[in-house]
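Two complexes are shown next, each including chain A; its partner changes from chain B in the first to chain C in the second.
So, the complex of A and B:
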C-alpha cells in the first residue's frame, strides 16, 4: 500500500532528465525487439542468417563460388525430370534406395485450394556438415573452394555413420562404387566441364531449382535468399548444420 | 614364486585337460565352432557378393543387428575390464579371484565384437589403412576404434603378465586398459549421442549411460562365466571365489538400480513436453511396437527379475545367481538392439509431415545377419571353453600368496 501511495505521489521526471546512455540502451533494445519480429520468420528458419551484417558477409559465405540452391517449392509438379537427369548424369544405380535427389510429397487435406505440395530434396551442402565430422577417415570432406561436401571414394570404409549423421537422408551406399554416394552439385560431371547448372536444375521445366553462387550479390540465388517479400526457409534448422539449400515459394 | 614349467609339460597339461573333458564340453565346443564357421561363411559371402543382397538394412536404417551385437560385445568387454579392475588394479582384495578369467573374457568378448563388426562394415580392409593414414580427430568412430585397439593391446598384455605372476606390470596394464576402455566406450556412446539430427540419442546421456551399463553387464557376465567355468572344470568353488562373486552380486544390484534410474528419467524426459523426434520413439517403447521387448526384455529380464533374484540369492545361492545373470544377458542384448533400432526408426523428415515418412520405420534382421550375430556369441563361447582348459580354469592362487 505504502509503495503504491509513494508511486502516486511521485512526479513525472521528464525525458530530459534521462542520461544519454540510458536513452541509447533503450533505443537499442527497441530496435532489437522490432528487428526480431521483422526478421523473425527469416531468423527462425535460416540459421545462416543469424547475425546478418555486411561485414560478416565473407564469414557467412566463405567459399568462392559459394554454391547454393533455392527451391521454389510451389512450382514443383513432381514430373521427376530432375531425378531422371541426376541418375543419368551421375550414374546412380537403379536399385531401391539409391538416389542423390528425390521429391517428397505432402498432403494437407484440410487446406483451402491446393492440397498437395512437392518438396524436392538433395544434399544441403551444409556449412557445418555432420557427415564430415563423423567420418573416421576423411572420406567425406568440405571442399575448401566451393563448399561442396565431396566424397573421396578410396577412403570410405562403409561404416555408414555419415548416413546416420545426415539430417537430410542425402546419402546411400553405392555398391558399384564401393563407397557412400551423395549429391555434389554435379561438380565432377558438369561444373568442372564449364556447365553453369546442375543436371537437376537444367532439366527442371518449371524452374523450381535455382542454382548459383551465394557469394555473388548479382546472382539470382543471392537475390532470392536475401529478399524479405517472400518467406525463405531451410529444412531441419534445429539440426544446426547451416544448410546451403533454401526453400521459398513463387 | 610361480612354478616354472617346460614347454612340453605345458602342452601335455593342456592336452590332458582337454582329454579329461566330458561329452558335454566337446558338444559345446563343436556347436560354438560351427556357429563361428557359419558366421564366417555368411559374412564373407555377403562381403564378396554385396551386402545389400543379404542384409535387411536400408538407406534410412543403415545400422542393423550387427551394430547392436557389436555394441553388446564391447559393452560386455568394457564391463568385464572395469569390474575386475576393482580388485587387481585398485587393490580391493575381495575382487582379486575374478581377475584372470574376467580379463581373459574381456579379450574374448572384444574379439567377438570385432568379428561381428568386420562383417557389418562394408570395406573393413580400408579401415585398417585409412584409420592410420587419414585420421579424422573430430570423429567419435575414429576415437572409438583407435582406443579399442589400444585397449585390446593393454588387456592382452595384462593377461600375459597376470599369468606370469608379474603383478606390477599387470597393474599398470590393467589401469591403462581401464582408462582406454572408458574412453573408447564413452566415445561409442558419443557416436550416437553427438548426432544432432537424432533426437532419441542426442545429448550427453549416451556416453554416461554406456559406462554405467557396461559395468552392469560386466557383473552379469562375471557371475555367469565364473559359475559356468567351475561347472566346465568340475571343480568346487573355494571361499575366496564365493566371496568374490558375492561382492560382484552386490555391485550388480547397485548397477541395476543405477540403470533403472537412468532409464526412468530417459523415458520421462522423452514424454514431458512431447519433444519432437524423441516423444514418438519413447512412446513406441512404452506402449507402441517396441513395448513388448522394452517391458519384457529390457525392464523385466535385464533388470527387475535379476534384481529380485540377486537379492534373494544374498550373493550365495549360485543357482539363483546363474539364472539372474543369464536373464540379464539376454535382456541386455535386447536392450542394445532397441537402443540402436529405436533411435534410427525415427525418419529424419518425420516432423516435415511428408507422406513418405509419416511413421516410425521397421527393421527385421535377415537370416545372414542373425547367423553372424550367433557367430559372435559362438566365438565368445568357444574362446571361453578353450580358455578354461588351456589356462586351467584361470587359477589365481598365486595372486594370494
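So, the complex of A and C:
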C-alpha cells in the first residue's frame, strides 16, 4: 500500500538526468526488439536484398548461367500470349488448373488511373526450393549447372508433397506424364537447342518478361535486379526460398 | 392485317432499334487484334466525358469499320498520334504509354464482359 502511494506521488524525472550510456542502451534494446519483430518481413527483405547487391555476386549466384527472370509487372496486359506459347512449347494439357505459367489479376478499384494489375507468375526456381526439400524420391531437384528446379518424371510417385511445399503454386499433376510437371524455363524445349529466351519471354509483346543470366554483369536481368532507381521485389519473401524470379515496375 | 398496319409496325421496330442504338452509343468494343482484350467504352467517352461523335468518327475511326483490321492499329501508331493516340497523348487524356491495364482488360476482363467462364479459370 505504501509502495503504491509512493509510486503515485513520484514525479517524472525527465530524461535530462539519465546518463548518456543508459539512454544508448535503451535505444539499442529498442532497435534489437523491432529488428526481431520485423525480421520475418520487411527488415529481412531489406537486409537480404542489400546482401544480394554486395560485390560477392559470384558467390551469391552460384550457377553458370544463373537463369533468372525479371517481370516488369505494370507492362502486363493479360493478352495471354505467354500462356499460349508455353502450352504449345511444353505440351501443357488443356485441363483446368494445369499450367506452367499463368497471369494473376489484382483489382485496384480505388487507384487513380489503372483499375487493375496483372501479375505473371511461374516457378521461381528458388535457391532454397521447398519442393526439392520435401520430395521423398528426389524426383525434383535443383540443377547444379543452371539452378533450374527440374523434374525427373520417372522418379515421381505423384504424392503431390511438392505441391504442398511450393509457396508459389507452380506445380500441377500431368495426367499424360503421370507425374508432376512444372516450369523449367523451357530448358529441354528451347534452351538446350540454343534458344536464348523462354517461350513466354519470346512471345510477350510488351517485353514484360526479361529472361537472362543473373551471374553475368552485362546481362539485362543483372542490371535490372541491381539498379537502385526502381524497386525490385520477389513474391512471398517470407517463405524464405530465395526466388530467382524478380518483379519491378516501369 | 392490312398492309398499312404492317408498314406502321415495321417502322416502329426500326425506330425503336435506332433509339436503342443511339442510347448505347455503340456500346463496348473489345478488340482482339493485335492483342486480345482491349476495351473501348462508348459510354465513358460519349456520356461521361461528353465527347461528340465526330471527334473520333472523322478520319480517326470510320463508322461501321473495325480499326483492328488495319495493320497499323498498334501502340506505335498511337504514340504517333493515330487512332486513340490523337487524344491519349498526355495532354488531352492520359498518354497511350501509361495506365496499360485501363484499356487492356485482358483475356480475363473480356471473359467477364461476355459473362462466360464463371469460375475464373486461372490456368489454361
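Convention: the second predicted complex is superposed on the first by the 197 of 250 C-alpha atoms of A that agree within 3 Å, B and C clash if a C-alpha of one lies under 4 Å from a C-alpha of the other, contacts with A are read in each partner's own complex, and residues count from 1 in each chain.
Operating definition for what follows: contacts are C-beta pairs under 8 Å (C-beta built on N, C-alpha and C of every residue); 3 or more make two chains touch, one makes a residue touch a chain.
None of the values given here were measured: they were computed from a predicted structure.
When the shared chain is aligned, no partner comes close enough to touch A:193: not chain B, not chain C. The partner that reaches more residues of chain A, of the two candidates chain B and chain C, is B. Contacts of A:79 after superposition: chain C is touched, whereas chain B is not reached. In the overlay built on the shared chain, the residue A:94 is in contact with chain C alone; chain B does not reach it. In the superposition on chain A, A:115 makes contact with chain C only, not with chain B.
Of the two partner chains placed by the overlay, neither chain B nor chain C lies in contact with A:144. With both structures placed on the common chain, the touch criterion links A:136 to chain B but leaves chain C unconnected.
When the two structures are aligned on the shared chain, A:205 is found in touch with chain C, with no touch to chain B.
Overlaid on A, the two complexes show chain B and chain C touching the same residues of chain A, namely 97-98, 104-105, 172.
Residues of chain A touching chain B in their complex: 95, 97-98, 104-107, 119, 121, 130, 133-139, 154-161, 163-169, 171-173, 175, 178-179, 235-236, 239-241. Interface residues of chain B facing chain A in the complex, by the touch rule stated above, are 50-52, 58-60, 62-63, 121-124, 126-127, 130-131, 134-136, 138-142, 145, 191, 194-198, 344, 347-349, 351-357. Taken in their complex, chain C has these residues touching chain A: 34-38, 94, 98-102, 104-109, 121-124.
Considering their complex, residues 74-81, 83-84, 87, 92, 94, 96-99, 102-105, 113-118, 172, 205-206 of chain A touch chain C.
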